[in-house]
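You will see two complexes here that share chain A, one where it goes with chain B and one where it goes with chain C.
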Partner chain A sequence: MNRAAVLAFVLVVSLLAVVPWLTTDRFLLNLLILANIYTIYVLGWDFLGGLAGHSNGGHALSFGGAAYLSGLLTLAGCPAWTIPALSLFGITLVGALLGWLFRRLDGAYLLLATLAVAEVAHELSLALGFTTPEGYTIGGEGGLPVAPLLAREADWFYGCLFWISLFFLALTVLVLYWIRCSLPGLKIKALAQDAVVAQTVGLNPDRFRVATFAAGTLVGGLAGVLYAQYMGVATPSTLSLEFSFVAMTVSIAGGKGTIIGPAVLSYLLNVLLGWLWVAPVVRLLLYSSVAILAARWFFGRGREA
Partner chain B sequence: MEQELQLALSGLLAGFTYALVAVGLTLVFGITRVVNLSHGAFFALGAFVTCSVVQWGGRGFLALPLVFVLSLLLGMGLERWVIRPVRRHHAVVAIVTLAVAIFMEQIFQLVWGPDYQSIPRELPLVGFMGTLVDLQQIAAALVAVVLLLVLFGLLRTRIGMAVRLVAQDPEGAALVGIDVPRVQTVVFGVACGLAAVAGNLTAFAHSIYPAMGRVPLVMALAVVIFGGLGNVHGALVAGLILGLVASGVSFYVSPEWSYITMLLVIAVGLLTRPSGLLGRVGRRD
Partner chain C sequence: MEPLLVVSRLTKGFDGVQVLHGVSFSVGAGEVLGLAGPNGTGKTTILNIICGLVRPDAGAVIFDGQDLTELPPHRIAALGVGRTFQLPRPLRELTVFENVLVAVAAGRGVLRARDRAKAREILARVGLSDRELWPAGRLSSGAMRRLEVARALATCPRLLLLDEPFAALSIKEERELMALLKSLNRQGLAMILVSHSRRILRQLAHRVLLTTAEGTFREGTPGELLADGELET
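For the complex of A and B:
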């Protein structure tokens, strides 16, 4: 990042950070909290699918998987303060395992295999029910409740969660951007562009595949944990195909692998569409149209992305 | 025993229509190297148009030519204007076809509404050797078999040879004067047409709703991967085998687990044997 970009980044984060002091409007704070969380989620795909070139068709698994792990740990009676860390650890392991399992797949095949795994998780979340120690049956469409760290009834809940999510968003942008510009980032890009050539200079594609899958899933999982803490529930929609698709679309339209582009686009889209109360059907129409046009624009004949 | 016989018959008949969807999908992959994730949306389009024709007082089977031509033209347009420009990027083209599927699902929701719809069957169920035979399902399977025979017959003609040559060696095909892009566009359109015909043939048996194309898409992908990517004959055999498996799992466990089983076939199949259980390891470009 050059000096102007750093200044712009600090200015934007500072301006956003003062919002809870200026207003306690829950609609606005809700909008901004969700924009923070969804932007972190998109950045997970941008790192894995954009920078590392591993097109993950089931990125929702990281988000929904972390949220569901929080729900399952709540069900198992774990103390609330351990749940976020354990969920993140668990989902990172899942990501590493997927990276290792699918290390021989690339392009459309990798997209298809990861999409299938996420769809299995989505279907299981809909089909399986759990019985609580009190004898209630939970799960299915209603999802799993998550033990919150912050008291939802408190006046400061929205403001506090906004700052927490903004802190993690800023941290994610900085860390991913630093990786993008660092030596490991150059190695990741080299492997994404030509794995065979990169291997000849001593890079181990399998090790990088596992590491990038774990890191991308960790970032998506961080968003999932924040979402579960905010909503107090993990629902099947967090694992849906549409949710994975939105991450891919925003990343491609924002500039695949650039980190800053998808972050800005995701934030603006989430705030704008939320502010205008755009119906889900219209949102998906918009996202799918953007995906088609952006793919044609960035990857059309004669263009190398 | 009667129950098992009933199940086997029903699974086999369903397998023929799944094979129709899967053969189209594998044909597209063989000719264009595109994994078309919008294939299921054309299945849904066929079912929705059939539903409208029946609601307007027409017969379901009469809608068959209409859904075929409509999907053929839409598919050709899709290949020409949306897929061809990005075809070189295999992952991007898969994302684009997914975008097309989601776009079509939202259009279905806006035009036909989000609710589940159904159409009455036009042929009855009859008892035969202790089993209930669904005449409508038999008619659908017969139409599917005829279409598959026509397709396999066409692949053996002079035009079919050109199509097979494009699948094997596009550069070589271009050198001998075959218009490769046109062949790819037509094959893509025909495959979309076949998926829509399958949607028409099975519309009476399913609930009709915007995302209904996902189940046949996943089933067809499982069939294509099980039978070997690009292997048309493998897709036919795998369609019949997986039709029986899906029917069995759906009956003995639940329909959701049938879907999950097919998803696992896709993931495990790609992981362990990308050339397919029935396929051979061949040259890939």
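For the complex of A and C:
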């Protein structure tokens, strides 16, 4: 990041950070909290699919998986303060495992395999139900409740969660951008461009595959943990195919692998579409149109190259 | 003295077509072995097997006393085997400098100032200093070939595998690359050089392994093979 970009970044984050002092409007804060969370989620895909070039068709698994782990840990009676960290740890392990299992897959095969895993998790989330000691049935469409760290009914809940999510968003942008510009980032880009050449200069593709899958899933999982804390519930929609599709679309349209571009586009789209009360089905139509245009544009560039 | 590389009875087939039929040869430290022969007779396959990109069906590759046959390419590169490709494969979206830097620092997690200095030194050596900030995909084909050599040198090889490095070079570029390879060889770098040009093989190679469409191999000095009329390609 050059000096002007750093200043712009600090300015934008500072301006956003003062919002809870200026207003307590829950609609606006809800909009911004969700924009923070969804942007972190998109950045997870941008790192894994954009920068590292691993076409992950099931990125929702990181988000929904972390949310569901929070729900399962709640169900298991874990103390609330341990749940976010344990969920993150668990979903990062899942990411590393997928990276290892799919280390020989690329392109359409990797896309299909990751999509299939996320779909299995989605179907499981719909099918599985639990009965609590109090006799309530939970799970299925209704999802699993998550023990919150913050008191949801408190006046400061929205402001506090906004600051927490903004902090993690800023941290995610900075860390991922730093990786992109560092030596590990250079190696990741080399492997993404030509894994055969990269191997012949001494780079271990398996190690990087596992590491980038773990990191991308960790970032998506961070968003999922924040979402579960915010909503107090993990629902099947967080594992849906549409949700994976949105991450890919925004990343590609924002300039895949650039970190900043997808972050800005995701934030603007979430705030704008939320502000305009755009219905989910219309949003999906909009994202699909963006995907078609972006694919056409990028494909055209690829052919020229 | 023990040879640096010993290749024993390599066989390899692709989809039922046998390409290598038990080829054996060795390369001494500081020696340049030429590989010549018609297209499709396994020259590139031999290089791919040595650097770990292709597994042989049978046979062994021993480099400095270590069996490379089961090792992955990145481990083989770390042991000191560098290579270039028949068709240049620059990392197109990286700059020329980054192409070399990633090879210089492949074994490290953190970049050191001397890594940058070394990458610049190598680029100067192959005559690409003035284009170090160019995206590698924008280089001419001749410059891409020099970048291939630079990237291979950045891995500090003891054995350099060169797959037709002189193809499509201008006379000036060819002369410069020839001078560079000779200078590297004088410093003790061993090479396996795939080439169709007897002129190049005569200038650079100490010995030549000639492959044939029948799967047989002949080995000798460039002079011997030329005298037999075998190096006419």
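Worth a mention:
In the analysis below, the second predicted complex is superposed on the first by the 300 of 305 C-alpha atoms of A that agree within 3 Å, B and C clash if a C-alpha of one lies under 4 Å from a C-alpha of the other, contacts with A are read in each partner's own complex, and residues count from 1 in each chain.
What we mean here is this: a residue touches a chain if its C-beta (ideal position, glycine included) is under 8 Å from a C-beta of that chain, and two chains touch if they have at least 3 such contacts.
Keep in mind that what you see is a predicted model, and the values were worked out from it rather than measured.
When both complexes are overlaid on chain A, the residue A:Leu183 reaches chain C alone and has no touch with chain B. When the shared chain is aligned, no partner comes close enough to touch A:Tyr267: not chain B, not chain C.
Once chain A of one complex is fitted onto chain A of the other, the partner contacts of A:Phe208 are absent, as it touches neither chain B nor chain C.
More chain A residues lie in contact with B than with the other chain of the pair chain B and chain C.
Once the two complexes are laid over each other on the shared chain, residue contacts for A:Phe243 go to neither chain B nor chain C. In the superposed model, A:Phe168 makes contact with neither chain B nor chain C.
In the overlay built on the shared chain, the residue A:Tyr38 is in contact with neither chain B nor chain C. Of the two partner chains placed by the overlay, neither chain B nor chain C lies in contact with A:Tyr158.
Where the contact sets of chain A with chain B and with chain C meet, they give residues 305.
Residues 51-53, 72-74, 77-78, 82-83, 85, 89, 91-94, 98, 101-103, 105-111, 137, 151-152, 154-155 of chain C touch chain A in their complex. Contact residues of chain A toward chain B in the complex are 49, 55, 57, 101-102, 104-113, 116-117, 119-120, 123-124, 126-127, 241-242, 245, 248-249, 252, 281-282, 284-285, 287-289, 291-292, 295-296, 299-301, 305. Put simply, chain A touches chain C in their complex at residues 182-184, 186-187, 189-190, 193-194, 196-205, 305.
Taken together, the chain B residues at the contact with chain A in this complex read 34-35, 82, 84-86, 88-96, 98-100, 102-103, 105-107, 109-110, 114, 214, 218, 221, 254, 256-257, 259-260, 263-264, 266-267, 270-271, 274.
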